[in-house]
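Both complexes below contain chain A, partnered by chain B and then by chain C.
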Partner chain A sequence: MINASYHIAYFAPVILLTVWALGLLLAEAFIPLTPRQTAWTALAGLLLTGLLTLAFDTGPWIFWSGLCKWDGAAKFFNLFFVATAMLVIWMGDEVQEPVSHDGGEFVVLPLFTTIGLMLLAMANDFMLLFVALELVTISFYILVAYQRRNPAALEAGIKYLILGGLSSAFLIMGIAYIFGLTGTTRFDAIALELQFYLRTGVAFGMLLVLIGIGFKIAMVPFHIWAPDVYEGAPNSITAFLSVGSKAGGFIILMRVVLGVFGGPAGVGIWVPVLSVVAILSLILGNLAAIPQRNLKRLLGYSSIGHTGFILVAVIGAVTLLPGQSSPLYITDRITGQIAVSVYLVTYLLATFTAFIVLAVLNRRLPGLEIHHLAGLSQRSPLLAAAFALSLISLAGVPPLSGFVAKLMVILVAWNHGLYTLLFFVIFAAVAALYYYLGPIKAMYWSEPLDETPIRVNLSTTIVLYVLIVLLIGTGFWAQSFSSFVNNSYLAHAATHAAGSLAFKQ
Partner chain B sequence: MEITLNHYLAVAAVFFVIGLMGVIMRRNLLIIYMSLEMMLQAANLTFVAFSRFYSYPESPSRPYFNHIDGQVFVFFVITVAAAEVAVGLALIVALYRLKETTQVQNLTTLKF
Partner chain C sequence: MDIAWLLLLLPLVATVAILLRFHRDPLNAIIASVGSASLCFIITLLVVFDWVPQPATWNWISFPASGSIPGLTIEVGMIFDPLAKGMLLIVTGVGLLIHIYSIGYMKADPSCGRFFGGLSIFMFSMTGIVISTNLIEMFFFWEGVGLSSYLLIGFWYTRDSAAIAANKAFVCNRLADFGFMLGILLFWKMMGTVSVLPEKLAQCYHQNALPAMHSILGNQAGLHTLFAHEGGHSPVFLTLMVLGLFAGCMGKSAMFPFHVWLPDAMEGPTPVSALIHAATMVAAGVYMLCRVYPLLALSNLGLEFIAFIGCLTAVGAALIAVQQNDIKRILAYSTLSQLGYMVMAVGCGGPAAAMFHLTTHAFYKALLFLAAGSVIHALHEEQDIWKMGGLFKKIPLTAWTFGIGLLALIGCPLLSGFYSKDLILAFAFHTHPLFYWVGSFTAFLTAFYMTRLYVIAFFGPARTPAAEHPHESPSVMTVPLVILATFSVIAGWSIWGYGIKDYYHTWAVNGQDIPLPELPGFYGFVPLVLVVSGVLAAYYLYCDRSTDPLDIRILAQKFYIDDFYDRSLVGGQQHAVNLLSWLDNWVLDGFIIRGAAYVTVGIGEILRLFQTGNLQTYAFLFSLGGAVVIYFALFAH
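So, the complex of A and B:
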């Protein structure tokens, strides 16, 4: 473990990846690289970044005049984003049909998105938060609309552009009010300022910031873009949006609501707001998915539903325990945080399995409607099994990994007495079962229209097997899985418990 | 009449709401995009006003003080907005080439 005395060293992974991405972009302009070479160079850069990130301790350290913070959460999410980006770039190169034949930007842009996401996880200042979030969003605008001659992709890109711009405007207006009434943009300084008392203007700013973040995590009522963009974007980018962008949104949501507004005054305002929003996301996401016939739209609505589940864990991170007068012990906050992280990891596994299968099928089937899956189990047992397992995991059926995540959310909600939310969580989980079973029924109990077997190449087969093993393994060994997440958060936090995760009161 | 912080905030809020209404009600993508920029500029105005009128509670002798953080933030917002416009206009141009229109009611490829 590197315990750097110059804390700027904690920037090394981000700097490495930035240099790598710029270098690749430049090299690509001068040297004729095949798309495969570009992709594998990018993968090598990500692998190095991941290894370098692993080498650091978990702080917590605040550096660059309080602009950045390196702690367990930052390290965990940096690794999470690097893994996500590796899967995305691999998918773009190996699995789906080539998106473009000119230029390697389709490979380099996800690297920039990853840099933005990594900085988001390290942000300790609204300034860095804003710039990092815009880096993520602007590179996503391009990626979503990358197939610009395809009307659906372009339309998805434009819808994402307008709604993303709107959310940035809300975010920046909110930051302006928070800055104006506290005189600083640093998270810890603002938290100190707002310890006991929240002026109306600051509360207003906080709600605007929540709207801005709400767009990124696709929470109701700011979810309208999700199904359209999910349907129009290339498969690998849809998976990236669904996992990377959502995890990025949740890490800053946790930093902002638990860190900046984690004092009693702040909690009193955002807990009711987020509770209503979580209930709406659970109901709308899961009920609107039922009539969907297009698989990518179905996963889009289900992703809105999953936002609802994760929001319940965020709320559970602070809610008053019954009979507790002075609020919010740090352990409770960490339980909620761990639940969020575990949920996002299981969501990553299941979502990528599903989208890899969809990307393979996209080249062979006439469309991605549910009825096109008919008899898939006879045409390719592996694809059918992988897709079925990922859907069952997303539905939260034991013993798959999605069940562990849902169980942790339910336990957090139960322990903190959030019985109303709990009711909706269980209702939504049951409703979700219904629409996740539709595609499975088509794959296993319908006659195929076309008997030709679908071949899957070797590397896709290997990755699918690994993902399946992880989906089942994290479910069966849930105890060691959640304590693994727990440990990667808290490796060094015991001595810094109060300072860890920026949750000083 | 002395112009105070509240005047600036009111102007910024009016700009913000006009921009929001533009985004919601106008049907032309270019106008919508201009309205979005107006919302960002409203936020910038808020920032500058707050930082110009920032006062330290503990020093009544210097009621107002240029608090530089907000003004620095404005430069970040302007830069980011420029990058966003570059990408946004490119997308709108690509749309015009494909469909010969920039009206939102013609974006109907993806729907429920």
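So, the complex of A and C:
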């Protein structure tokens, strides 16, 4: 590993975005900017950040005294977060009802969240991980409770704040244990030390860290906040939480369990734990979604279920292949990581499509219960089609993009002999159909109570069409899509020729 | 982007446009649907003359093999070999004519937009089946065809009979498709591919076939033994695979015992009966068999079974047709019988003959249905032949074209049906004389029931007031009749050179030229004599009658097969449905879902009582979860 000082250049996107965000905050204080001008300035900053990120190679480099790591995964997820943030800010400005714009914080804060998420993806040290995670969480506290005159939003904000604080306590306590027993907070140094033997204290610390991360990704039993907070937060922020925060959690989960504790000793402990919580997430998320009538709560529970699916891919990233001696064999780790990344991308597409539709409807319908959707297909075919496609994709029906993701998870589980998990994955996928089809039935086969057509403005129409094309396109061109993810993820790994779904043993 | 993809895109776009925009706007719906059909036909012509190349495939999914699972590569593409070209020509050509005819036939119907949407989705799926390069792709379109057939049979869904017929068709097809799916899975498992490209299939064939199997026509004896073969796959599984694939054909092509849906499908509008339930969709099963014929040839037992089922359907349906009175039902049973012929031809080792008969049949059966539609139209929706009569003079154009279709169907020399039927009988003769004799007897029956229909409906006195004042259909309906009549005459002439024969040779015996079989002298005359005697018998029996002199209950009641199904399967199924419904209501909905809901709601209600306790409970549960996780991970061993 080259550890030269000029690698600091890889910080450029983060620095650019930080400067842009601070500048925007200041400018906003002195120059009277309309909310729209603020939003589009923020979008421009994100676009520049994204382009700058694209310009970098994929390392891997460890720099800044080992605090940061720049590799394919970091680059991939940085781009992922920038894209997410752009959608969030665009939604906040264009689609949803004005969230009392007292100052431009509603636009600027997501920029800070994005900075935190980008740093998370680059973290190679528990200290940076913690600071970045707090940056994400604290900005989310404010965003969730932004509609502060709305009691539901306040309740959601308080719940998120207190439970988030609790989870941070678990996380920092775990880091303290690990640091105390190994004497370092660097991922690679700890991994070297713990490869074959794990003292109970370190294992304890690892589990505490997992609990802290479990909160971010909403895995059972640390999921309790999700439905309440999803329901209370503004639509764009719910989408951000559901996609950005979850993806951030998964990138550090992979960094920690596959990197730091990826040795045989660590794997022996966390694989059983994660297997059980994956099964619980699959069951609880998908069964509890069935009786839900509120669409945002329904998506909240389904998001818990999706955590279960992705966890299966994470577990598949290390499990011993049949007839293989070392669980550290790198190729199969990568398979699982690719599956996670593909899953998150398809999840992003479907979730944002769904929440954009909900945000549009929020203003037009008396509420966001399933029965309010009745006859939507007659009032606005585009919204109905977009919502139906996003739900079908989340359910994993071919040939939409969600199918590809689920197929990859199932193949990872199958190839690694995780038959118990596979059983639950399939059970959950079938159970999920039940509640995803409910809203579709309402939209297409119920008579509308109110026949007035719902008009959708031009930019929303365009974004929805783009998302629909991507939802269908990534499913149809599954091969190109997964190799694209594979290549952008692994471009650095000279030993792994980019190729198909990389399910080679 | 290759132009060829437009073949699929155009009807799809038309469907979507009609679905979203034009479903209450007949004029635009007609323009979209007929426009896409015409363009597709033009592209097909370009394809046939090789002016449009086969498009590059794109790799949809590709997994390398892993352990005991073979690799799965699905390369979606288009196949333009002689077989596909011939079929494409039929689908888009006949399809276009029927689109045009429908403009006249459906224009009075208020939901005519929906009808054209259904036709377009059918064209999309059917073209898809024809050009599929692998069985997964084909299965997708296969289901699409099933769906469009369901939609169009149930087009007049306010009629109970139409809704029931649509369900019946769908259920029969789904049942058979389950077998098809198993066949595809077995194929994939054994051969490690799902591709149906001729070169791939030839490879599968040569890797698994016994040396003795290479001669297809010469191999007449010992068909009943399952042969063993070193290196290849187990003959038992090969046979199961063949039967599975054939199951798909049995559903779509309505072979016994799945045939019951086709006559009921006549509840749909007549153009639908012509396009879907006579010319193209029901032929999809036969087309599929021809497409995968090298696989079928791996199992002699499978082929025998196919030939036997085909033969049974051919003669059974022809017998039933003798005692039917509804003009469309007679034609439906005649379609069944002809499909039986084609399947029998495949089973006798003659996919070339099957495709030849499919082609000629598509023309004259579409013609017969459209002419029947014209009759029905003229008599204000009257379908009972005993209420017609004397139509020959009043609607001469319809009567003449119907007559040409009839002659082609019964195998009058010089018309298309004669040649294709002869070829099938030749294949049958060289496989087993039983097939030949049953086939010839069917030819007699065909001549008999078709003459009966014609004599009753078109000659003699008018039996009802409506039949006295019919009016000839508009030219938008009669022009397609004339075009189809022309093709019914000329489609069998050898100037076309049996393009399908090329396909027959690509995989078979290392490019050797196998002569098509011929009937030896005497046997060649037998069918002709039988046909003539059938015509004469029906003419003398039915000329100037007003009631049916024959009364064969078992035939009129269709061998009681439908009743048997109603009593046994439908009755038994009702019990199963009741059980499932009970499970759904009480176990799934009641216990699991409502139970979970009540528990959730109950907990929520309890928590709501302690308004400040809510969050504390959350925090408590969170920490409890953490404790449990740590306990089990570290201390529970």
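Just so we're on the same page, the second predicted complex is superposed on the first by the 489 of 505 C-alpha atoms of A that agree within 3 Å, B and C clash if a C-alpha of one lies under 4 Å from a C-alpha of the other, contacts with A are read in each partner's own complex, and residues count from 1 in each chain.
Quick note on the criterion: a contact is a pair of C-beta atoms (placed from the backbone, for glycine too) under 8 Å apart; a residue touches a chain by one contact, two chains touch by 3 or more.
These numbers come from a predicted model, not from an experiment.
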| item | value |
| --- | --- |
| Touching partner for A:G183 - first (chain B), second (chain C), both, neither | first |
| Partner chain in contact with A:V277 - chain B first, chain C second, else both or neither | second |
| Touching partner for A:G367 - first (chain B), second (chain C), both, neither | neither |
| Partner chain in contact with A:P453 - chain B first, chain C second, else both or neither | neither |
| Contacts of A:W225 with chain B and chain C, given as first, second, both or neither | second |
| First, second, both or neither for A:Y141, with chain B first and chain C second | first |
| Touching partner for A:P381 - first (chain B), second (chain C), both, neither | second |
| Touching partner for A:K159 - first (chain B), second (chain C), both, neither | both |
| Residues of chain A contacting chain B in one complex and chain C in the other | 158-159, 162, 166 |
| Touching residues on chain A, where the partner in the complex is chain C | 158-159, 162-163, 166-167, 170, 200, 203-204, 207-208, 210-211, 215, 220-222, 224-225, 269-270, 272-273, 276-277, 287-288, 290-291, 322, 381, 407, 411, 414-415, 476-479, 500-501, 503-505 |
| Contact footprint of chain A on chain B as seen in their complex | 16, 19-20, 23, 29, 32-33, 36, 39-40, 42-43, 46-47, 49-51, 54, 67, 69-70, 72-73, 76-77, 80, 83-84, 87-88, 91-92, 94-95, 98-99, 107, 109-112 |
| Contacting residues of chain C [partner chain A, same complex] | 20, 58-64, 66-67, 69, 592-594, 596-597, 600-601, 615, 618-619, 621-626, 628-630, 632-634 |
| Residues of chain A that touch chain B when the two form their complex | 126-127, 130-131, 134, 138, 141-142, 145, 148-149, 151-152, 154-159, 161-162, 165-166, 168-169, 172-173, 175-177, 179-181, 183-185, 227-228, 231-232 |
